[in-house]
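Here the chain labels run A, B, C and D in written order, and each chain numbers its own residues starting at 1.
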Amino acid sequence: MNGIITPMITPLLSDDTIDKKGLKQIVEHLIAGGINGIFVLGTTGEATSLPDKLKQELIALSSEYIGGRVPLFVGITDPSPGESIALAAFSKNAGASAVVAAPPFYFTLTQPELMAYYNNLADKSVLPVFIYNMPAQTKIMIEPSTVTALSKHPNIPGIKDSSGIGPYFNTLLYLLKDNPDFSVFVGPDEMMAQAVLLGGSGGVNSGSNMFPHLFVRLYKAAAEGDLQTVRYLQQAVMEISSVIYSQGGGGYRFLKGIKKVLSAMKMTGNTMALPLHHAFKDEESDAIRKSVDRVKQILSNNTRI
Amino acid sequence: MNGIITPMITPLLSDDTIDKKGLKQIVEHLIAGGINGIFVLGTTGEATSLPDKLKQELIALSSEYIGGRVPLFVGITDPSPGESIALAAFSKNAGASAVVAAPPFYFTLTQPELMAYYNNLADKSVLPVFIYNMPAQTKIMIEPSTVTALSKHPNIPGIKDSSGIGPYFNTLLYLLKDNPDFSVFVGPDEMMAQAVLLGGSGGVNSGSNMFPHLFVRLYKAAAEGDLQTVRYLQQAVMEISSVIYSQGGGGYRFLKGIKKVLSAMKMTGNTMALPLHHAFKDEESDAIRKSVDRVKQILSNNTRI
Amino acid sequence: MNGIITPMITPLLSDDTIDKKGLKQIVEHLIAGGINGIFVLGTTGEATSLPDKLKQELIALSSEYIGGRVPLFVGITDPSPGESIALAAFSKNAGASAVVAAPPFYFTLTQPELMAYYNNLADKSVLPVFIYNMPAQTKIMIEPSTVTALSKHPNIPGIKDSSGIGPYFNTLLYLLKDNPDFSVFVGPDEMMAQAVLLGGSGGVNSGSNMFPHLFVRLYKAAAEGDLQTVRYLQQAVMEISSVIYSQGGGGYRFLKGIKKVLSAMKMTGNTMALPLHHAFKDEESDAIRKSVDRVKQILSNNTRI
Amino acid sequence: MNGIITPMITPLLSDDTIDKKGLKQIVEHLIAGGINGIFVLGTTGEATSLPDKLKQELIALSSEYIGGRVPLFVGITDPSPGESIALAAFSKNAGASAVVAAPPFYFTLTQPELMAYYNNLADKSVLPVFIYNMPAQTKIMIEPSTVTALSKHPNIPGIKDSSGIGPYFNTLLYLLKDNPDFSVFVGPDEMMAQAVLLGGSGGVNSGSNMFPHLFVRLYKAAAEGDLQTVRYLQQAVMEISSVIYSQGGGGYRFLKGIKKVLSAMKMTGNTMALPLHHAFKDEESDAIRKSVDRVKQILSNNTRI
């Protein structure tokens, strides 16, 4: 598995109602943008905030709208292993290709406990299980030796690392270099190009919700070793990161910024699931608007790339 | 509300089967011990590890076995506000008196987001909502100014603070001193006596699963200002903390130790819900056994107290 | 060793000039207040911010002004063991009674490294070495088992715990109960009374710079088990904590508040050593002023206590 | 300023005696390896563990042995601003080109306090001051907006970022792209090639103590966009990281591994400054030895690159 997988936002009409029209539009937007897979119910999808019923509805609708054109990945991260396993079963029935699980995030496990957790999950899940390293939320790093041990499980095909820690990601690449079937994806948008230049499988990048083309082109340039294009397009990624992801107080500004931009693009409304909510000041909304223009300008410069 | 509320362990036959006989025995053990309330589905109850169905079963059975003799508190902590509110409704129907909620524990909220979260929860919950400060698990301290603001909500009757941070707890006591109806409970066993000596409402102490009498007597001694008894019984609490809660690797040793002791007492088996599991070496089990004897010896010394 | 040891602020005319007149006045203020020892060059003394030369000058002057009326303790915390040992030698020559050392605070040691560090320090220091647990600054907790092992060194007479973690402090008390010559002091003002009620040796409390009488009386009440007085005076401690220590942005507000109050008392000026500096808004200065009045009022109520 | 700057280890005969012969040998080894500068008294140089006198001796000797062939950088990180400024003056007299300062590491400053700290330092330092971001030791991230503000100070020519956080480093590159005279160096060996591929100034990489040629060649390949060579040589960097930097318990294994390898190379002995010390088991020493062979084999494969 290679390329760009979009950790899709969850378009909402209200806290417990999916924006079906928005969902359909975003799915089309992503597929038209050339992305290689859609990952629902990740952090960007506000998965943990959603009631179980809504999660199931989102999986079923996403699968229907995607219609097999790209693989569907489903986040099953849950503090209860039983719930995760049940959601994997539901996902398979709904037509998903694989599931993605971060560590249980209430109790902080030791590495052996983490190993046992993933082995149990991979044994019982009816779909392949991608490991999801997300220490800022889960309070735990999945150590490289744990990942290499888990990589031998036939039902664990890869990892998504959202730690943002450069040496960690490169250690995974190095230790897993003799297992080319095991995918090593990077989470933060800002690191995707560098990760792929040195052999990473691709990115699970939130920014591809807004600008799928950008990430797809950047991925290809990096995979082909076209450094000039990489450096050029990286500017757009960093513009997104420095402005769109940096407005407003509190954390999860990247997520709030993305929903704001998708709303401006008329893809869906601006609704977030509690406990998160929007709170942009006017000048912050302005900054985001101008930044979108700068990103578009970089992307439109066809002569340059 | 005052006194000792036991954050009851969840007796299990397997990962998804309640040990009903064990549950009944523990409920009787606690009530015979004189505790003032039973709190199911807290951290000690491994709540976040349990599937939703089992949570509901546990609430219903606990309510039935308690039969109104002491109030029943139910933990509704969940990263999804919708799920928490639904569980509060279920709990009321099952006969519970109040619910207890730690902050959502995937996304880390700002203090204003936390305030909005609790206000929304208290507005929509059909039972009173106790705040549960548990930063080691949730990654966030509920700041004193947030607590004092929330204390004005008519459906928020108190807080349980499990941070273990002395100055924080005493700040709560001081800032809320003019609101005697607002309860301030302390979580860590080791701090209960001191908290009550200075005006705390009582303890939600895990050790009372094993030795309810100890905590009830210690609470009373502290509430009455009987310092000699406090100092004497505190030894038993610290024996539990230093030995029973300190065996084995990894975190949550307190929880593993309690289940081990309850199993030795024939109250229930030794089963934990994944992702946690027991892993005591022989010498560690031995240390626990001897420690139980020392605690019992302290408790049996009637001449001293 | 028992009672209240004041971690004295460092009165400054400028970043590298001691306010000698202020120093003399504060020493007299503390001794008149009945404190049991003066500890210079602790966190409250901004020790790590001061150049070596000024540290030596402060030690010499403090010793001269104290004139043997109470013991002088000197903080020798330094990331370089050699510098700490040299400062201990200087302190002895200057007439100090003991030194106090937190762990080296650049490299984060393991517990065995920490044990080796303190054993080496205690072997080479010409004065007794108190251990200083200060994880917020040093990034490391000195585990109870490390403390108990170190307590056997003949040149280590005690510990000051500024972690603020209740269960940790009580664990120290319990594990060291058979070694009554080993002192266990508590750092945070807010915890002193409770610590002493259960057997702690006393407090090394910053607030005693401003109100030595308050802490001395509170210590005595706690040591004598006079709970009514403890509860009454604790109000003044919490008033200080909740208001005087809580103004202004950033950390170390307690320190900035203390210097502000001492300046209002005409004890010394308001100068802090870089990298810290004052930045109170007018309403914050106001809040501090009013809080001082409330503390004084509590203290003046002689009929009550 | 571009290229590879070696954060040189401090060769010691004992805790307070420099290994002069070793120092001379290492200086020659590094210059022969083609490195672009030598940085003494960094983290790798165990600076904070060394007494002041030894620091001065090391600066003077290093300057003498280097003899102007490459620029000398001196770490002046100290919790006391006065000490840092004095060491900068000493360094200039000894012939150094610039100094490097991490934030004061006892008190944790706010960003405005950090800004004031660096502005004051840059105003008073007689040598240019490089900013050193090292949150694992200093407990604080220097936020991008703080760095961009400081980059305007005429006496602040650049930053070394040792955070290891990919998005942060790339944000610095992006925000400072219009200030090409401001250098942005990366600390972790593992990230150097990727940093330079996207426009970073170079690396301050510990591994260049052992294998200066490797890092110089990798830097050049990255700067020239020779991706094939980058991918090939990166293997050697990751071999070092995964094995040589990963033996033994505790932190700072990278540092212990480097001294071990330099000792095996007969460059200097194996002595570390307290509070750190070596503690390799035989099999760990073995693993390091074999890893050195693998690195050498990668480097000797001239046909490949």
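The definition used in the following text is that contacts are C-beta pairs under 8 Å (C-beta built on N, C-alpha and C of every residue); 3 or more make two chains touch, one makes a residue touch a chain.
Computed from a prediction, not measured in an experiment: that's the story for all the values here.
*Asks:* Where are there more C-beta contacts: B-C or C-D?
*Replies:* Here the pair linked by more C-beta pairs in contact is C-D.
*Asks:* Give a one-word verdict, same or different, on whether chain A and chain B use largely identical residue numbers at their interface, taking over half shared as same.
*Replies:* Over half of the interface numbering overlaps between copies: same.
*Asks:* Cα centroid separation between chain B and chain D, in whole Å?
*Replies:* 49
*Asks:* Taking each chain's centre as the mean of its CA atoms, how far is chain C from chain D in angstrom?
*Replies:* The answer is 36 Å.
*Asks:* For chain C, jot down the residues that touch at least 2 other chains.
*Replies:* If we look for residues of chain C contacting two or more partner chains, we find none.
*Asks:* Should the pattern of chain-chain touching be classed as line, ring, star, complete or other?
*Replies:* Ring.
*Asks:* Applying that definition of touch, give me each pair of chains that meets it.
*Replies:* A-B, A-D, B-C, C-D
*Asks:* Of all residues in chain B, which touch chain A in the complex?
*Replies:* 15-16, 43, 48-52, 54, 77, 79-83, 86, 104-110, 112-114, 116-117, 120, 136-137, 139, 249-252, 274-277
*Asks:* Of all residues in chain B, which touch chain C in the complex?
*Replies:* It comes out as residues 144, 164-171, 173-175, 188-191, 193-195, 197-199, 225, 227, 230-231, 234-235, 238-239, 241-242.
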